[in-house]
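Okay, structure first, notes after.
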Amino acid sequence: MFRTFFLFAFLLSTTSHVSPIDFCIADLKVARTPAGYPCKPPSTVTVDDFVFSNYLPGKNNIFNFSFTLASVDNFPSLNGLGFSMARFDIEEGGVVPMHTHVDADEVIIMLQGNLTAGFISSDSNTAFVKTISEGNIIVLPKGLLHFALNVGKGKASANVIFSSVKPSVQLFDVALFGNNLDSAIVEKTTFLDHAQVQKLKGQFKGSD
Amino acid sequence: MFRTFFLFAFLLSTTSHVSPIDFCIADLKVARTPAGYPCKPPSTVTVDDFVFSNYLPGKNNIFNFSFTLASVDNFPSLNGLGFSMARFDIEEGGVVPMHTHVDADEVIIMLQGNLTAGFISSDSNTAFVKTISEGNIIVLPKGLLHFALNVGKGKASANVIFSSVKPSVQLFDVALFGNNLDSAIVEKTTFLDHAQVQKLKGQFKGSD
Amino acid sequence: MFRTFFLFAFLLSTTSHVSPIDFCIADLKVARTPAGYPCKPPSTVTVDDFVFSNYLPGKNNIFNFSFTLASVDNFPSLNGLGFSMARFDIEEGGVVPMHTHVDADEVIIMLQGNLTAGFISSDSNTAFVKTISEGNIIVLPKGLLHFALNVGKGKASANVIFSSVKPSVQLFDVALFGNNLDSAIVEKTTFLDHAQVQKLKGQFKGSD
Amino acid sequence: MFRTFFLFAFLLSTTSHVSPIDFCIADLKVARTPAGYPCKPPSTVTVDDFVFSNYLPGKNNIFNFSFTLASVDNFPSLNGLGFSMARFDIEEGGVVPMHTHVDADEVIIMLQGNLTAGFISSDSNTAFVKTISEGNIIVLPKGLLHFALNVGKGKASANVIFSSVKPSVQLFDVALFGNNLDSAIVEKTTFLDHAQVQKLKGQFKGSD
Amino acid sequence: MFRTFFLFAFLLSTTSHVSPIDFCIADLKVARTPAGYPCKPPSTVTVDDFVFSNYLPGKNNIFNFSFTLASVDNFPSLNGLGFSMARFDIEEGGVVPMHTHVDADEVIIMLQGNLTAGFISSDSNTAFVKTISEGNIIVLPKGLLHFALNVGKGKASANVIFSSVKPSVQLFDVALFGNNLDSAIVEKTTFLDHAQVQKLKGQFKGSD
Amino acid sequence: MFRTFFLFAFLLSTTSHVSPIDFCIADLKVARTPAGYPCKPPSTVTVDDFVFSNYLPGKNNIFNFSFTLASVDNFPSLNGLGFSMARFDIEEGGVVPMHTHVDADEVIIMLQGNLTAGFISSDSNTAFVKTISEGNIIVLPKGLLHFALNVGKGKASANVIFSSVKPSVQLFDVALFGNNLDSAIVEKTTFLDHAQVQKLKGQFKGSD
């Protein structure tokens, strides 16, 4: 049987040394393609490439929430898998402002506390809103405006899954008031009053 | 050669009567799947299934533009093709308000006039804005906030292409102020003032 | 502005009542296609279609673990999203036997306790094994043999994500010893001894 | 251990009775979608659904070849797999006329005899032609004009693989001369002489 | 609120500097993959990458038409979008000869004039032919032989959309008579007469 | 007409020299991406890139079978095509041990002899087993445990097709007993006896 195995291993090796198919750990030093990053050389892969180690509550921002994202950028074994995940913790009264994720569905798996989460459909322009707690999961469909509020007592925590190896985030206020987009254009295209736009441009540090 | 053709036709026919592969005209009376609609029976297909006949400037809305969309809903031969198109005409001074298309890139092919079009990237939060005219095409990437203004003299017209058989449209004002989404939630998640929200709820007929 | 909104809503409605694009909640009463289930009628969709409510630790099986799966079968809003998730709890000493998931990568997000998880690559026939705890995530690539053991003190819990709306599970012992696959075939194709096969056929209730 | 297996089987069964993922045998009585046919009910599936039994040389046509195609139409377990196959036998001197396969790459695996096969690239308008025999495989890229000739001694046979569950076939002569396409249009769009078009319309039974 | 924005921007920036997801402008100096070109560095992207500026009627060829194609080769922001477009102008009496596009559906959006366009299905070998004018769109399904004739008075113009970032074009006459494909092979595989083949080889400059 | 062709060729060439779309021969010296290898430069492509020349029965291994695989690794024109193929020959009494292919359906096209082939479904844990001979094809669905035995008289031969440009192979015995996976883990996760594991570790040269 010794020779059997030897021959068999040889057979296998002739078909496996060039292009491993089992996985494709991202080589982040090379430009990505529309289908993802090129794979790093398989000979350099160890078990640690498959393990992410800092998936813990982060430091709160001024909105009273923290968001620790494991995406292909810091967890390269997600390359080509089509999803990523984040640890989300929000203090009592905290708010996740209205935003969209380009090309990513979002799923919130509640761990503790109470969260009022919602999205607005584009087909029927309906607000779908629900307060969820431990044991609940909510789906927020791709690309639609959505938000979350910790309306309960104490902290709320969740694991959040995105159907993209790296979800883009577009926050309404940051996009409209946090850059050099001309105030006159903002006003004309949003019907917001001049004073309102100026106030938020001030708060979000957009230039005029 | 008569018999040749006869035999050959027979050979072909045995492989083609069950599932035509050339096209899949949507049968809109049946529920769609994530990959599109089921195909209508090939025996009922005529050349008119491949032709859309009302692709003309429509009636202007109050924003001074018209938008005639040929999507899988009214042009079923787009089923499975991955794109749709619209005839877009906008009067001098007209505004296409800030909006997103879920899961569809947009390309504007200018036919006449001048249009200032722009989008805001989510990665770098940069406003990409350009005034375009006949002979110009602009790409507005999938899911990002974008807008257009006819800032020139006279009417502007364009053919617009979407990378979806039916682009969803989410307008900022309609989504936030045109439904029953609670005003308090709108205020908390957008940082807009109470008075501003009430004013726009009134204009866009949202309930309080 | 009243009329504006009215006209605008009319424009939108003419393009949205036939085939909503925002989501496709599975209609489980109709046969699925290779791309997923047909969508249920949008008029019947409520926020509860987006919420899963029983995502809690289940009853332990004899291996001392419980596994509560939210897949397209019991959470139809996952239709077309490309992933599903499970709540996994395993007592001290519990074992998840050697198995594969057809066509699904698996990601384990640790919540508490210690788990030794591992998989065997097919390219290099290497065992990748790691003991993980809270704050760790491990990727187990698609289709490869893998396992987990609670080797720590006390219970271990995790959220598990699969890159499929419904992961198939093929357990080594159940597949080989829990059905009517002929014992002689099992022996010849696995090199296991006759007595070993008979013993496991007895334990897993396979016929001879 | 008896109870173990019982509990385990129960766990598995609760997640598997609605939508089997292992395979999707086409239900040919229902309209296909762009992603393939709906699946037939799993309870009706037997091993015979996975076996095709008439993959043998067929009756020669006037071109001196036979072609036995196993496509999703007569082998429903190919549904969703992305390929199909044909047994191809061609007598000495036989010709497979110039044709294309819409949306399918073709691979010829030679079994016996000699075949001169070729295709014309569209990028560089180059004829790629090679005479192949047993032990040779040739790739004919998707959508390009190609042909084959048995230029050797005796019969040639091959297994042919297509990257589609059902390859469409468009033969140059049948498409141009075997239907009611107006002769004047054929002449103008092909630069063929009137007499040549009339002659081939006669041979391929096209109307004038 | 100043610190709010600062913290928020910081949070965002940590997840966005490595791999922008918003778009993937082709880096044409690097080899493409089956899914498209690698992305150029986001720091070098400006609004001009999203704008194509020479989309105007070109110089007529001898067939009396011009065709200005915006594909990924000269408009790199189309990379990964799945479509491209062309400005098409054809003089009275002009002919677009019989041809196919490998792997690309074509949609003609008429701007002015009258065009008789048609394709031949492979399933039923039917000629689908229609004369279209301004306000009409026609779909020509992927891979099938098709043609167009300006049969009206005056020039005809159109925007043409392809479901590929770069449509290959295979013209019947150029493919068969414009290269070194052996005349004997052409005759045997097309059933065209020797004199006809020689004549067209002469016109299209093919070698014998 | 001379000038015609010249102008026409010029038109074509301006759209084709950068990124050929007809094919994408793998450049195996560059790292692959999740969608396949980058394409080698088109100017270096010849007809020999499309031809595989050593597709012949190989040398038998100790299990009495040979397996000659044409995958993207040694036949780079398969890049992006989604399938690969193997010549399979097995002597009387030969056994293909229990194994899986990650992410590849397998189709066996019998050429001669008799083969008992089977797979075990994961949904219903059913063994689907059939003895097949010349003129039969069997589908073995993606990722499931399967096996084959030459139970007939004399040699059996087949062409085997995989729905992957390079099928990974995971053999039960090699994966469990042919590497450094800890024996205690093997025993706990497979329920095999200690003595059985030690015996097979010896035969398959796994370390303890």
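Annotations
For reference, chains read A, B, C, D, E and F in written order, and residue numbers begin at 1 within each chain.
One rule holds for everything that comes next: a contact is a pair of C-beta atoms (placed from the backbone, for glycine too) under 8 Å apart; a residue touches a chain by one contact, two chains touch by 3 or more.
Per UniProt, the chains are A, B, C, D, E, F = Germin-like protein.
All of these numbers come straight from a predicted model, not from anything done at the bench.
When the contact pairs of E-F are matched by residue number across B-D, A-C or D-F, over half of them reappear in B-D. A centroid comparison over C-alpha atoms places F as the chain most distant from chain B (Germin-like protein). The most distant chain from chain A (Germin-like protein) is D, comparing centres defined as mean Cα coordinates. Chain B (Germin-like protein) and chain E (Germin-like protein), compared by their mean Cα positions, are separated by 21 Å.
Look at where the CA atoms of chain A (Germin-like protein) average out and do the same for chain D (Germin-like protein): the two points lie 43 Å apart. The distance from the centre of chain A (Germin-like protein) to the centre of chain E (Germin-like protein), with each centre set as the mean of the Cα atoms, comes to 36 Å. Distance from the chain A (Germin-like protein) centre to the chain B (Germin-like protein) centre is 26 Å, each centre being the mean of its Cα atoms. The multi-chain contact residues of chain D (Germin-like protein), meaning those touching 2 or more other chains, are 9, 12, 16, 20-22, 30, 33-35, 37, 102-103, 122-123, 125, 129, 141-142, 144, 168-169, 174, 178, 203.
Contact topology of the protein chains: irregular, matching none of line, ring, star or complete.
Listed by chain label, the pairs that touch are A-B, A-C, A-E, A-F, B-C, B-D, B-E, C-D, C-F, D-E, D-F, E-F. Chain contact summary for the complex, chain E (Germin-like protein) toward chain F (Germin-like protein): residues 28, 30-35, 37, 61-63, 67, 69, 71-73, 102-103, 164, 166-169, 171, 174, 178, 203-205. For chain D (Germin-like protein) in complex with chain E (Germin-like protein), the touching residues are 95-98, 100-103, 116, 118, 120, 122-123, 125-127, 129, 141-145, 147, 149, 168-170, 172-176, 178-182, 185-186, 188-193, 196, 199-200, 203.
The touching residues of chain F (Germin-like protein), counted against chain D (Germin-like protein) in their complex, run 9, 12, 16, 20-23, 42, 46-48, 50-56, 70, 75, 77-78, 81-83, 85, 105, 107, 109-111, 121-125, 128-130, 132, 134-142, 144, 159, 161, 163. Interface residues of chain D (Germin-like protein), counted against chain C (Germin-like protein) in their complex, comprise 1-9, 11-12, 15-16, 18-22, 24, 27, 30, 33-41, 79-80.
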